[in-house]
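The following pair of complexes shares a single chain, subunit A, combined with subunit B in the former and subunit C in the latter.
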Partner chain A sequence: MLDLTLLLDVVLKSTWALMPILLAALGEIFSERSGVVNIGLEGIMLLSALAAVAVADYFLNPWAGVLAGVGMGLLIGVVHGVISVYLKGDQVISGIGVNLFAYGFVAYAIEVIWHVRGYYTPRYEAKMPRLPVIGVSPLFILSIALAIVMYFILYKTDYGLKVRAVGENPEAADVVGIHVERTQFISTLVGAALAGLGGTVLSIDWLAAITKELPAGRGFIALAIVNFANWNPTYALGGSFVFGFLWTLSEYLKNLEVAKALIPIPLINTIPYIATLAITAGLIGRARPPRHVGKPYKKE
Partner chain B sequence: MVIYLVSLGRTALTVLAVVITAIVVAGVMYAAVPKGGQTITQTVTVTVTKTEAVTQTITATQVVATTTPTQHVKAAVIIRKRGDLGFNDMAWLGGQMAVKNLGATVEYFYYENVPMAQYLEFLENIVRRGFDIIVVVNFMMAEQVAELADKYPNQKFAILDAVVEGKPNVMSIVFKENEGSALVGALATYLSKSGTVGIVLGMDIPPLWKFEIGYKWGIHYVMNETGRKVKILWEYVGTFGDPNKGKEAATLMLQQGADIVYHAAGETGLGVIDAVYDYSQKTGKKVYAIGVDAPQEWIRSGYVIASMVKHVEVAVYKAVEDVAKGSFKGGVVALGIREGGVDISKPEDIKIMMGIAVELNLMSQDEANKVYNEVMNLRNSIPSEVWDKVMLLREKIIRGEVSIPIPTADTIAELRQRYG
Partner chain C sequence: MSAYLSRLASKASMENLSYLFNIVIAMLVGFLLGALLIAWGGYDPILAYASLVDTSLNVSDPYYIAMTLSFTTPVMLTALTFAVGVRAGLFNIGAEGQVYMGALGAIMVASLKLPPTLYLPLAILVGSLLGGLWGLIAGLFKALRNVNEVVSTIMLNWIAFWIVEYARVYVYFNPLRAEKTISMPPPGRLPIIVPGSELSLSYVISLATVVIVYFIIWNTRLGYNIRVTGISYHAAKYSGANPTLTTLYAFVLGGLVSGLAGVLEICGRPPEYAITTGASNLAGLGFDGIAVSLIGLNHPLLIIPASIVIGMLSAGSRGMQIRAGVPLELVKGVQGLIIISLAVPGFTYMLKRIKLKRSLRGVEGA
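Entry: the complex of A and B
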């Protein structure tokens, strides 16, 4: 039953399910490594998906859409960064705010921009083209590259050391002359921009459509992947792949008559989530969050 | 270089600028590369105007409307809001038909900005304003309607897509989606060249079973007629709100050889239509989607071959008409093909939708004409004998010569065994 071409197909397909989650998770890792939690990933993805469709459809250029998606992420990053880094607000509440705002705003904006309700499908030209031969998205290559680059930045550069130091012990970092607030702010921006890129993937790369709830919980899956990955970008790559693979595989299973007869369909739908949970639970003993994550840093 | 800049720390913001510039440059370079696609120009031959479209439906129903004397009716129609080119716009159309044909006064109320917790208050305020009939086009309000029906026994209600039982003043209008799905199932089977057809469904719940079993029944009907074996691929993706997931499900079916995929999955179904478009582009094969609820051909004109339409306007009109004629009765009314409640999409349906799109400024007249032409081109590519055969099945259903099973929790397992 398990032939090689099928396996290859599942692997190639899982690049789609992997991308948005990986990008959002990478962003969150960079942000949390500096001590700033952003649970507004879902909201950022949704807002960026909207911005990407709007701009790509207007200029008929998907890359303009990518810019807009990343730009929208940055914008939300500025808001979340100012609230949580400079104003010392509660990071969780700010994140929830982003999510709630996104759900309301996007439903409204779809109507204002396109005068349609609920969803909009952009013109063909707005869609990201595929790479020749392998047929994956150019953004997939970018996502993988970003995971590796981020690993190097975090673990092999002075700047990465500073980021991690700020997230572990901001007082000590401050004493040795690191600009704690600035470092946190920049990390928040990078994190939000990456989540924005993830949202862009959803709306003009994987699909060409925007709906009121396009991310469908992927922002929260990304948060789980961050835990699973132990705040390490390369593990996040692995974690997103495992999730994406199982997600795609469960779609396959649902198509098999044998599986359909044996397992209730809703149960098959839960496979990727349960498996990810099991893996996370299995590794949680080793997972150690940055020590100062989620707490605003106040100078004495 | 990026890493070096970051390590400077001070100028870290520059990194972002560099990243963004890199993306811009890459994007512009990519955009500059000539693409393989070609522009298709088309001469506009058909003019779709709203008046033409709306009058057409109205003349169609006029014959029925003038048979008995009617009284003046003041009706309230509760819809989410206009502009979805689907359910809500069709409900509005039903109200307009009542105005034109029955001389009724119709007021529309929009519940879009009403939180669920305030549905009762919202409805009660409408009741207090004194309407002969309140037509609720939102099945989520069933509980509130039931409560108010007890509190105001003289107020007549009609609710669509939900069943409120045991109230003499509530008419529950449901649709026989199994009949409409059987029609598109038959169409898909006649059209399929590969011998494999698919259906992507939302959640595995009883209302969706009607779509599944109806579609499968239609396929089996054609298999018995022609003696040709057709493979059915079906899947419940588990959600109505995840188009990306719908796309994966549909792509899988296309890869397994399906050349026509029907969907009954709400927004998830957008992914089905997108998958069909993508797959056609990538492989050059002719594959099509079948839309649901509204005439969805316009979403990706040229890739949606037909739709299973729920005629919400007929349901709304019927509720008002029954009151006007004094024949209003509480209880469940199921509208099938015979009653005009469900059907396979007709060119007029698309014309009406395009008319509404132009009227609401969703599309320019040119765009609407272009979409309409593309839709009609695809439609006309279907051999007329296929249409004749589908219409024959439609006649048989109307005359009651065949009956399509309505699945329940007790029978679904058996029906799935029988129809694969």
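Entry: the complex of A and C
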């Protein structure tokens, strides 16, 4: 009954679906390892998706779009980083503000830039081409590489040790001469830039469109993955694959007559969210967050 | 995060001028940056803001004020959901989905053949309970499996959205109008206060609910338990409150209130009295509530004036679009900018830091 080519097709499509979640989760792991929470991932993804489409469509070059998406992530990262790290502001409020801002601004900008309401599809040349032979996106290879590189940085380098030390015990890190604020700020930037890359994947690689609700909760699913990946990039890779697969599967079910007759399409759409709840509830408990996460470090 | 929340809670208990000052500054920053965005879009910021104010706070015509108040009605309630959560040490951002479920409950009741007087009370009951159920689910995930409520409530928001979409298309579709569900029959509708506007009796119900929740939070054992749980899990245990159970109550109370917001949008907002395509007449009410709560320092009574800020933006955005051509979504962007600015600690705090740094330098130099 199980068709092998079909399974391969679903797996191949999953490589797209996993990227946005993986990239956002990786970024958040790096950020939270240093003690800075960013619940604005969803908003960053949305803003970067917009920037990527606008620039890629203007220059008819997807790589220009990648730069714009990452650049937008960095920009929001600077705002969130300055508020969270240097001004000792409320990280959670700043994150929710980013989400609210993105939701309104992107809908506004779509109308300003393209004079359409709610939805824009970039021209074909703006879309990221697939790699020859294997058929995946070049950004997929990059995402996997980033997960592995981040694992090595966090666990096998002095810098990674510094990042984790800052997130666990900033006072002690400070005493041994680590620049706590600078480390946290860089981690926040890395986190936001990767979330931005995740949004870029959504808008010019996988879905090749921009809508005001493009990430559809993926920024928050990434937060869930950070939790049950126990702040480890390699586990995040596995977790993202599971979600990418589920997301693809629900898209696939929507086109299957048997399934459509059994479950109406709007209810098939709930699968990724129900799965997130179920998996998070099933796996959590073993995970332990960095000790100083979410709290500003005040020297005085 | 809990440290942050307790800080926020203690912050709110010290309502004083410096916090009011911070909010005014944040709003100024939000509107100024918003003006830049308007100019970037090729529109006239001054005309845009003038039209915004003229069609929301214009006292010469009761219609405008009535519209502003009508937009404060649901967001007061969704703000309560967030505020109760913060009091209990939770970051409950599930009001959005609870509004959807509440509205769905009202539509379920609207589909029934009932004696006319039963529509309204039954809609309020069923809708609030569905909202409460949505809160309870998030509460159970938190209490039993320690699932972060930020994640669970957003997932529940999306699940509620698709359930409502399913119900709109497959169950409660309107055979005459494809873009909305069946409407609440006239006996189940709340009377309009200002003729011609969308301001109905639901505003009064909303206000009353705010006062009741204020009373619960500050004058009952449950409210005490919620507040003490928000400050410290262990303190709650020693004071005899069961923190796990209290967390559940806080989620359910929040859900009931946002569920009611959904019901009131169905029973009290002309002309549809129904759920429209993609829940477009409900979308964003939950998130607007977060903004209201934060502007109102997460205090139930301060939510009432704070809701006017968001109500004014929502009401005036239409006039701004018509008169200045600015797409009305801009106001949501401004709202976000205000919240980001609110995350910046007060200027008083920053001044203190600078002073402290100077004095420390003085000590080092000596």
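Here is the rule we use: the second predicted complex is superposed on the first by the 268 of 300 C-alpha atoms of A that agree within 3 Å, B and C clash if a C-alpha of one lies under 4 Å from a C-alpha of the other, contacts with A are read in each partner's own complex, and residues count from 1 in each chain.
Everything below uses one rule, namely that a contact is a pair of C-beta atoms (placed from the backbone, for glycine too) under 8 Å apart; a residue touches a chain by one contact, two chains touch by 3 or more.
In this text the structure is predicted, and so the values were computed from the model without any measurement.
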Subunit A as common anchor, with subunit B and subunit C clashing or fitting: clash
Which of subunit B and subunit C A:A208 touches, first, second, both or neither: first
Partner chain in contact with A:I153 - subunit B first, subunit C second, else both or neither: first
First, second, both or neither for A:A259, with subunit B first and subunit C second: neither
Contacts of A:I39 with subunit B and subunit C, given as first, second, both or neither: second
First, second, both or neither for A:W63, with subunit B first and subunit C second: first
Contacts of A:A216 with subunit B and subunit C, given as first, second, both or neither: both
Which of subunit B and subunit C A:I96 touches, first, second, both or neither: second
Which superposed partner A:I279 touches (first subunit B, second subunit C, both, neither): neither
Partner chain in contact with A:V116 - subunit B first, subunit C second, else both or neither: first
Residue range of subunit B overlapping subunit C upon superposition on chain A, of 27-35, 45-53, 117-125 or 387-395: 117-125
Doubly contacted subunit A residues - partners subunit C and subunit B: 111, 212, 216, 264, 266, 269
Subunit B partner contacts - residues on subunit A that touch it in the complex: 9, 13, 16-17, 61-64, 66-67, 70, 74, 111, 114-119, 121, 124, 129-130, 135, 138, 149, 152-153, 156-160, 162, 179, 182-183, 186, 189-190, 193, 202, 206-209, 211-214, 216, 248, 251-252, 254-255, 264-266, 269
Complex contacts: residues of subunit C adjacent to subunit A: 1, 3-4, 8, 37, 40-42, 91, 93, 141, 144-148, 150-152, 154-159, 162-163, 165-166, 169-170, 284, 287, 290-291, 294, 327, 329-345, 350, 353, 356, 360
Residues on subunit A engaged by subunit C in the complex (per definition of touch): 37, 39, 43, 79, 83, 87-94, 96-105, 107-109, 111-112, 212, 216-217, 220-221, 223-224, 227, 264, 266-267, 269-270, 273-274, 276-277, 280-282, 284-285, 294-295, 300
Subunit B residues within the subunit A interface of the complex: 2-3, 6-9, 12-13, 16, 20, 23-24, 26-28, 30-31, 35, 37, 80-85, 88, 203-204, 233, 235-239, 241-245, 247-249, 251-253, 255-256, 267, 270-271, 273-274, 277, 282, 299-300, 360-362
